[in-house]
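One chain, chain A, appears in both complexes that follow, with chain B as partner in the first and chain C in the second.
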Partner chain A sequence: MYQFKRLAASAAIGLWATTALAQDSITVAIQLEPPNLDPTGGAAQAIDSVLYANVFEGLTRFDADGAIIRGLAQSWEISEDGTVYTFNLAAGVTFHDGTTMDAEDVKFSLDRARAEDSTNAQKGLFAGITDVTVVDPLTVQVTLDQPNGNFLFNMAWGDAVIVAPESIADIASNPIGTGPFTFTDWVQGDRLELTRNPDYWGPAPALESATFRFISDPTAAFAAVMAEDVDAFIGFPAPENLPQFEADPRFQVLVGNTEGETILSTNNKMPPFDNKLVRQAVAHAIDRQAIIDGAMFGLGTPIGTHFAPHNPAYVDLLANSPHDPDRARALLAEAGFADGFTTTLKLPPPSYARRGGEIIAAQLRDVGIETEITNLEWAQWIEEVFKNKDFGLSIVSHTEPMDIGIYANPDYYFQYDNPDFQALMEELNATTDPDGRDDLLAKAQAIISEDYVNGYLFELAVATVAKAGVQGLWVNQPTAAVDLTGVSWAE
Partner chain B sequence: MIRYALGRLTSLVISLFVASIVIFGVIEVIPGDPAAFMLGVNARPDTIAALRAEMGLDQSVVTRYFDWVTGLLRGDFGQSWTYKTPVAELINDRIWVSLPLAIYALILSTLIAFPAGIYAASRRGGPGDVTIMGATQLGVAIPNFWFAMILVLIFAINLRWFSAGGFPGWSDPLQAIKSLTLPAIALALPQAAILARVMRSSLLDMLGEDFIRTARAKGLSRRQALWRHAVRNALIPVLTIIGLQFSFLLAGGIIIEQVFFLPGLGRLIFQSISARDLIVVESVVMLLVFTVIIVNFAVDLAYAAVDPRLRAKT
Partner chain C sequence: MSRNLIIGALLSLFFLALAALSFVWTPNDIEALDIPNKLQGPGGANLLGTDHFGRDILSMIMMGARTSIAVALVAVGIGMALGIPLGLLAAARHGSLLDELIMRGNDLVFAFPSLVIAILITAVFGASAVNAIIAIGIFNIPVFARLTRGAALPLWERDFILAARVCGKSAARISAEHILPNITNLMIVQGTIQFSLGILAEAALSYIGLGAQPPTASWGRMLADAQTLVSIAPHTALVPGFAILLMVLGLNLLGDGLRDWLDPRIRVARV
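Entry: the complex of A and B
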């Protein structure tokens, strides 16, 4: 009995010790586990969620509100004609393996990303680069084939982080960056651990260590937060449970915006959607608020075009397509489909698509459009819908920031081919003046809204549930990131 | 006995060969290009082509099947496309969750089922029998993932005795076993219900046999006859079920591993299928098939051990 008591006492002390320590460490849960740890070699957002701004840094970076701020480049000059960018790098930066980060590493990273055999998922970000020159160890010059108003923005992406030739071979399993946290351990399928980088060149983060856990099942996510197994859940998968957390003083709920325009993708080359009247009818058949309430439990902002509402350049074009079933029926009749028609609705796995799909199918049925719903896995969706363009309608959230340029690509899966829009995008790319860009972006938003290219549904929201004492978490997701640099525990 | 074992061994090898073709074939026809999936929607065609070449997908199906099988024979499971680590390492990490979990669940289920089945059989028709059979009816009917969620609700969220999921690793065995306890119970109870029913009916069959009557005629009490003669003979169908259950527990923990977010083989298969990491799916499924076949082989040998007739016949 005495033995047992001693055991219990030591266990209690052990427990106490871990709670005391917990104040400079955090356990963060996200839904998906990164497949590997190379942000420059795959599209999986989970890689950036864990590593962006924590382990890896680029020349520039996104801040919590999506603005582009300084990263490893402390300042830059842009030549008169807008084609040469001279970056001045921060001094005294070292990689986690102790090697120095200098202009050679920048050149290596950019050249690697744009190389012939590069497997960078966002190779397009580097497309305009014709030359990268090392001026001196802390100065690097990037030459573009034409002015690109998006260049600093492109360099902020997780796919454009600076890596070192010394550590590139093992980057997928042992990521070596310049960030405020070093990668410590990854128990695949369970957790990934980061530790504060004592040699970080910038301000030291408050946390000593952080653990990421990966929980995709909504019920398991709920249980993990309720049982206080995790301190914060970024991108909580069960919006229906949020009111319960809001009512519980142990927790705080943060709802923010993302760059995800959720759209009813429409195959613009497939009859009858090649007829603008039909697309317009679909737009009027949609009741956005019903979808947001029914599929997202109220989380999400209605959009009237393919642009993020929190962006200063956003134009509210909801008036182009109010919910009006009578109008939709009239437009269908005008297009020659008074008796309606049948089409396919192919849905990828996320709940916005699966739940939203059922609601949209009902709304379309109301105006005479029958849909055959097919549920697809992502890999099938990419093959069938995205690559082979074998679909009538689909629901997808386009999560890349500032991606209105996809409408200028006639081969993109919704196959919108409008030379005026393409010319407008050319002009936008060549414009670096902010006001001029905003005007052009407004025009672009109006064109696709008035052409009813896709059904514009809502901007995806992101919900974070955290213990009440956690502060400094990003509310919004301007890019997939769980930036821990500013996170701390309230005293 | 040796001829019997050799016969079983031959069918084992043939089964494995057929399984390898079926697994490879089925996975080959799953729609979805692994390279396109990994690179996402913004990837350029030349980037996808570069990745396909890196993954060896530009080679013919026959070449890839041959490479895979010869690799397996050498004990080389290949390299995961998404994790970019050897598949053998992935399996090695995961098996130390799935295997202990399956064994834990099997032990629990046997510990519950044997006494329950024997007790019910020995008191056939009595209130004890009726209660146990009612409970097993319920146990068979309840889906294990639902039961798992109820366990989490009670023991993790309300009582806070266990964490809601996850696996801390074997560096602290006590914590590891603790974290496997709720999943093991969730897996074990429905299995125990089935096993208890099989045990009971098998025992009842035996109790009607001539040799039991002879034993009773020789003066053994009903209970003595049951323990000395019936239980041993009733084990054959029970062993079959245990063999099947072990395979199920090892491979079929997918949902339970998902509910408790355990890094086991089931979750590895689940993740790999949706990420189209075909090499991992192929190798893990092959390993599971191998295990099932080996377990069945062992069960066959166990039959022979408990039933001398099988040894004599073949």
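Entry: the complex of A and C
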């Protein structure tokens, strides 16, 4: 529509050259549509993609590089023993409905998230909080049961954004936050619109308005970008098409890293995967580079454990599981499966899973493991694999930042139950000293790598295709977010 | 013999031969992926190029022909095996409650869009080649039942049937010994047409991921896989696309040609 107006205007004054009008709106496409608009209640990442930093803000936030910076809290003090955080809130902040954002709202948001009946998808973030006290309207004190080196990081998650009791009832369909953009419209199945918040407490964004569109089909995504229907596509689903965009001066391609550890999820409680030798055999059967080249057309970094390679605490453990089919066959024989076995491989929709699944099936077949491939839609995958744990193998990318803690939860869908690891995570949570934390994280990475809990494949890369004039988009995805605060058009 | 018949027969035989050959020989093993060798154009070491996993497309086409033909053949078999007896029965008991029941049952199946029901069946019972066969087969039943009844009804009025009845033959024997041989030509022609529709249906189901599952090769899934590659490696889509086109064209020409050739009235007119 905008294109059409511009065309009509140009034609009316008899000029076909691009008009000098400054562009102040953008159409951004992402793959998945959010199921609702409540980041504090829903687990879907698409909610954060649309709303994080745009509509909702937390006490702290991630910046484009994944560092934790100030959010609604302008400064904070941590008590000597590391258990009391005193946050000083920004002054003059209002929600989009005009109500004031103050310490009461922070208390409300944190208490709501950690309540018994809370539906927050990441309740673990708030688990250590014992008390939230309002000191004065701009000061709030959070008391923890023990020191937590991750607390400021936890408060930066999309699940920990500050909401208001006045607008909480309709948050799923009408999100009211404190961010630089206000929610204006959501046409389900098509688009979601945001408009600049004139009363924003921080620096005003360059864009007047933004439209999110949801295009999951790779072919449709390619067509939409090529036809310039969208100005930017965050998380472009077809890596094979990127060279074409790179060669086209109309577009720019940004390839960044994500927090997505793509793993061959293994059901650790289902025989024969309860046998470590079998899991190790699977790990040696996998040729990571073939998967990265075949499924992702070269985008992605091999990983040997469940940790992001760009994180300073990452330890390269690829040597634990090099591609070695002979070793895999020997291990299978040692485990009593000399003739191999048959298992299920359940794949969600993204191409890393569907294509990667075919490649892994071929690699496993090579060592004698037959897989029955089932392609599932996301809803089915959540039901069958994630909730009912009815699977042998699956492929999925775990995109939450710093999520090695999931291995301490024996009820998590891959059902890894190791008391040593759980004790290590307890210790990690109680450690605030950065060096001590790095040591513990290194130990944790080694334990799961040497236990061959899952097949560790690669760190998912994210590709953004944008029109050449768009600037300020995040290259990396330290959390699921399309932060439009700093986005503008080049003159 | 018409030119259509010859062209159709040659095309159909060509694909049948490819499928038969795939049992003993294919240029490459399609289960072995060769990723560094992906998306090679046609004409090199691989006659029709390679796909996104470096598999030889010619080998995939041969194995895919096997899947398509097997699915379509069994589906048509199901349709004939159940549809023809039902049609004969309805014709023999013309006007009875049974006839009414069979034909209204057929109408019921006909009333549903076939592909939608096929999707439903594969969604409920899981996506596999076997379920695709069943789904396509079910929709072939009313086609053959109706055609059989329609062709058998006028035969029942003929004198030679009356003679058979006077001799004391049962309706079942008359249907089998006198009616069936007289409608065989019609069934062969319809079978060919249904066969081509079966190939299209298998390709459609596989294209949306509900047909044969990997690593079984299927033309429809080759097309689906090639979808995002069209602009960089057009041969990955063109080859399976043309395979489907030529096979279906061949079967349709064959069906048309057979009808002209087998239909006594037209044959007499031509002579």
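Heads up, the rule we're going with is that the second predicted complex is superposed on the first by the 469 of 491 C-alpha atoms of A that agree within 3 Å, B and C clash if a C-alpha of one lies under 4 Å from a C-alpha of the other, contacts with A are read in each partner's own complex, and residues count from 1 in each chain.
Note that a contact is a pair of C-beta atoms (placed from the backbone, for glycine too) under 8 Å apart; a residue touches a chain by one contact, two chains touch by 3 or more.
Treat the numbers as computed from the prediction; the structure is a model and nothing was measured.
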*asked:* Is A:N375 touching anything from chain B or chain C once the two structures are fitted on A? First, second, both or neither.
replied: second
*Considering only the touch criterion stated at the top, classify A:A238 as touching first (chain B), second (chain C), both, or neither.*
second
*Which partner, once the models are overlaid, touches more of chain A's residues, chain C or chain B?*
B
*Using the touch definition from the top, say if A:T219 reaches chain B (first), chain C (second), both or neither.*
both
*State whether A:D65 touches chain B only (first), chain C only (second), both chains, or neither.*
neither
*Kindly classify A:A361 by the partners it touches after superposition: chain B alone (first), chain C alone (second), both, or neither?*
second
_Between chain B and chain C, whom does A:A290 touch in the aligned arrangement: first, second, both, or neither?_
second
_chain C-contacting residues of chain A that also contact chain B_ = 219
*chain B touches which residues of chain A in the complex?*
33, 35-36, 38, 42-44, 116-124, 172-173, 187-191, 213-217, 219-220, 223-224, 226-227, 229, 349, 377-380, 382-384, 386-387, 398, 400
*Touch list for chain C against partner chain A, complex*: 31-33, 35-36, 38, 52-54, 126-127, 209, 213-215, 227-229, 231-232
*Write out the stretch or stretches of chain A touching chain C in their complex.*
218-219, 222, 238, 240-241, 243-244, 290, 293-294, 355, 357-359, 361-362, 365, 372-375
*Going by the contact rule at the top, pick out the chain B residues touching chain A in the complex.*
30-34, 36-44, 46-47, 50-51, 54, 82-85, 90, 93-94, 149, 152-153, 156-157, 160, 163-167, 169, 258-264, 267-268, 271, 273-277
